[in-house]
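The structure appears right after this line, and notes come after that.
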Amino acid sequence: MTIGARIGASALSIFIFANYGFLLMGSMARIRARVQGRIGQPVYQPYIDIIKNNARRTAVHHGVMFYLGPVFRLAGGLGTFLFIPAVLGAPLFENFSFSGDLLLVMYFIFFGQLGMALGAGQSGHPYSPIGVSRGLAQMTAFEMPFILAVLALAVRHDTLSITAIVQAQQGGVANWTLATDPLAVVAAVIAFLGMSMHNPFSVVIAPQEIPIGPPTEYHSNMLGTLQTNRAIFNAAKLVLYVNLFFGGASATDGAIYRLLDLVLPTVPAGLGVVAGVLTMVVKTFLLYLVNVVVGVSFPRFRTEQSIRFFLAVPTLIGLAGLVLARF
Amino acid sequence: MHDIRDLEKELKRRYGADGIQSNRDDLAFTAVKPHAVGDALAYLRDHWRYVHLDFITCVDLIEEGRLELVYMLRNHDAKHDLGVKTRIDRNRPVMESLHGHWAAVATYQRELREMFGIDFPGCPRVDEDFALEGWDEMPPMRRDFDTRAYSERTYFPRPGRTTSDPAEHMRTKQYPGRADL
Amino acid sequence: MSETKHANTLANLDLPEGERRYFCDARPEAVEPVKGIWEKFLNWARANSLWILGFGTGCGAIELRPLMTSRFDMYRFGVQPRPTPRQSGLFIIGGYASVKTMKRIVRSYEQMQGPKFVLGLGSCTVNGGMYWDSYNTVNRLDHYIPVDVYIAGCMPRPEALLAGIKTLQKRILSGEAEGQNEYARNFDWYKANQKSIIKDWNMPDYNW
Amino acid sequence: MTTKDREKYPVHVGGTEPFDLESGRYMKVWQGPQHPGITGNMSLELITSGDEVVDLKTHVGYLHRGFEKLMERRKWIQNFPLVCRICVPEPDFNEYLYAAAVEELSGLTVPERANWLRAMNLEMARLTSYLMWLGGQAGAFGMGTIGQWTVTMRDFMLDLFEELSGGRIYHMYIVPGGVRGDVPQGWFDRVWSTLTTVESVLDDVELVLFNNAVFKKRAGGLGVIDPDMVDRFGITGPNARAAGVRRDLRIDRPYLVYDELDFSIVTGDGLGVESDAYGRTKCRVAEMRQSIDLIRQMMDRMPEGPVHEAPPNVLHWKIPPGETYLSAECTRGEYGYYVVSDGSDKPRRIYVRGPSYTHAVALLEHMGPGTNIADTAGLMVSLHTYPPEIER
């Protein structure tokens, strides 16, 4: 596969999963509204918001770094996605995955927030540094269980390639990390709550206790960039988690593929890819649903409370998972 | 033991209070000289269990050229309210600051300073703006401050508002010919 | 600062040297809308994604909570509250504006990014309403910031608020809601009115 | 926080700034007036060191309308639409206190049934205001779901008010000489069913809130009020009762028909909770259930009869000279009206005593230092401060 075709394929997959991320945001807002007894905004509301934000007529200049913040954030989101194979066995969706992509992805996940911190710092609004300090402190905290879980995986499968990890989980739920390393999965999922900044770990962007953190001064097209990144970044993190812990999605395997296999004499490759994408969509939706349900049913931790929490329970679970994976 | 007569005697003997007028069986008023207010309040608080300060306010007696300060105290055990009044000069209104007695007194004094122009030397933050900001007219709660004239002078009243005397309206429009209106 | 300034110079010059660079020393400029179908499309997006500034300026704010909850769910129309003026485009003045609040209203309004819309809630924003003779509440809101829609009543019901929001959306779709440009064109007049009531003007004339 | 912890912070002397903001150790942050985590329209001037508030100043006046001045230039009856505007969440206490003061000064008598309806109106207002507050308290800690539920319940209560008085927020139902009209047909039944709905939602709220580890962590130990602070700061209402001080004007000095009703004071130690934000929340939820019970008692024992004693021609109504102070137990504490009449057809002086006057300024400025900057909103809401009754 030539590099040009590869770039084109990645662009296409980014486009598909970005739209999926938008629709995910919209539908989750609706689910949140249902818990609160409301109807909620339309599913396509994120699109309108982004169009409006990019169509703002005026914007305020705070300096170069202020502009670069959202760019870094978007770069982080894109980079995270670009090195994750979305669907196994589908050249269209394997992006730029290579043998050591896990390390690179884990770097990219936190790259965006650092860039954002620099940009928000230059905005000069007192709320921004407060939110930045909270955010970075929490980030270092929930990195710990996440990294322990990933190490458990790496030790278990003796590889740093996401593709290989997904490959190793094929062939039924029994091979999933959920079944092989349940402790690592628990630690990682708790870390995901913090990573996706839902309650109870959302003090960074809390409206009540000092609004609203780093993006206080961001508006107009910069806010639009941030929203776009949120969609892509959410999708990327979800895909990564499903790949690492929930068996990923394959174009030549999976429940939907088997179903097709029953009804059709021979499943064409394109249909297999569609089946893989559908598997990924279902799994990511369920994973995100867990987050949202937890989010609507909890208040927020304060910064130091959430740091204590992360460094206590999930870290110990992750350590136990690592030990179990080794021996 | 809370006996209103003993209290009256004590206040008369110690602070020259001129009697206690009881409006209800749980509400009474007394009046002392300005210099004695601080001691009287402390005495009431410490010896007669008037531990709770309801409010401090001021009534503008413009006819007598006086400002009447009212300190309303409450005795929770005897279920009795006692209002301690004192009158100060309206043209040079200065009153002893009692911010040591209760924590909220400073706030009340800030408001009185702003609304009535009473000075409380030594009261913390007494010269800061409380409710108003950059007010340069006479203190607005004085009787001779005409709020309507100030509003019409300042705030671009929207034309079309007709204010009619309701009594006049009833007499002419609603019940013409009624004698008792 | 009680002394009157020339209306066509910005007050940044009166600031201490260190603080001048913090604020914008340029006057607001009217941004002409691009003509044609593209602007219609953008207006559609603006009308369907109204972000309210979370600033309860008066007692009208108490009817915004029911508006957000399940009875009158304003999220259905793409209306949602935002905590920071930079990101919000709709300013609901919840009732009477005292002078002290008016100062903050002006600052928040100028910090909002255009196109921005103002919705005057309650009779007290129209002509002072119940406080028409009060010494501390402004009578006509539209003398200080441009107002797109007034909602009369004290207090207006949430249904009235929804109707006002729908009216505002119609105005935006028809391209009439150009309050930002109006503010920029009549900047001096608005500034003079604001300074006539805000006695201690200790901020720049136009702070982004 | 206790008094001992305060000693490590500089004290205010005459409002001079004890913190050197240029030193880089402190940062000044304004919370409000444009802030979702603020009650109403006020602002807190915070000086923070790291994540900790070392100094807090309350700034009020953003809602100052000069009520007391306006009342002095309106006739007695013309003030009735005005007084209820002082307190938006529960205007009925203003209506009742002003009406009672006018009646006491003018010697106007009130029919029996009117008193019962007044008391019922006040209890419904208490419940409505508490529902609003509960949402705010949970929302201050980031739990918007509770607010969505309770504010909807508040809407159902407002429907009852609307059916009774025609107004959702401002009722103007309690007028001198009684109430403005008798209850509509079948209104009591609707009240009863609505109260049942509210109770069921309260069960859910208690389940979600008081069994919630995160809420316990956030609200527990936040803003502790020692019983010895109560008299010094003039703390009243649930804030004092949660500290274990048994003071409730409805029982200590029964007004209206409260002496005929069967209820007891809700105190923090009675519920076995500390006097922190969590304990205050528990106390207030208990009082919500109590007022639901009170409303039901009143509906059971409501006597028949007239509801309004017509005053003389209100347009020429001259109140004989005199002065009085009436206080009632509102949601936040002691609400009082000090009315002075000089015999004319307009009041001479009316002073409105709101409980937030001490809670939001003196008490909050005392309790602020030492709290986490993320807790200031929760602390302020847990005191149930409401700005308009401070500046009026």
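We just call them A, B, C and D in the order they show up, numbering each chain from 1.
Here is the rule we go by: a residue touches a chain if its C-beta (ideal position, glycine included) is under 8 Å from a C-beta of that chain, and two chains touch if they have at least 3 such contacts.
If you're wondering where the values come from, they're calculated on a predicted model, not measured in any experiment.
With respect to chain A, maximal separation of chain centres occurs for B (centres as means of Cα atoms). Of the two chain pairs examined here, C-D and B-C, the one linked by more C-beta pairs in contact is C-D. Look at where the CA atoms of chain C average out and do the same for chain D: the two points lie 30 Å apart. Distance from the chain A centre to the chain C centre is 37 Å, each centre being the mean of its Cα atoms. With centres set at the average Cα position, the gap from chain B to chain D is 22 Å. Shared interface positions of chain D, i.e. residues touching 2 or more other chains, are given as 35-36, 61, 64, 66, 69-70, 73, 148, 152.
Contacts with at least two other chains are made by residues 131-133, 140, 145, 147-148 of chain B. Residues of chain C found to touch two or more other chains are 54, 69-70, 83, 100, 133-137. Taken together, the touching pairs give a contact graph of some other shape, not a line, ring, star or complete one.
Across the assembly, chains come into contact as A-C, A-D, B-C, B-D, C-D.
Chain C contributes residues 2, 99-100, 103, 126-128, 132-140, 143, 193, 196-200 to its touches with chain B in the complex. Taken together, the chain A residues at the contact with chain D in this complex read 35-38, 126-127, 130, 133, 199-200, 202-203, 206-211, 296-305. Looking at the complex, you find that chain A touches chain C at residues 29, 33, 36-42, 45, 48-49, 51-53, 55-60, 124, 127, 207, 211-212, 215-220, 223. By the touch criterion given at the top, residues 12-15, 60-61, 64, 66, 68-70, 72-73, 104, 231-234, 236, 247, 252-253, 313, 315-316, 322-325, 327, 334, 336, 338, 340, 348-349, 351, 353, 357-358, 361-363, 366, 391 of chain D touch chain B in their complex. In the complex of the two chains, the chain C residues touching chain D come out as 53-59, 61-63, 65-66, 68-71, 81, 83, 85, 96, 98, 100-101, 104, 108, 130-131, 133-137, 154-155, 157.
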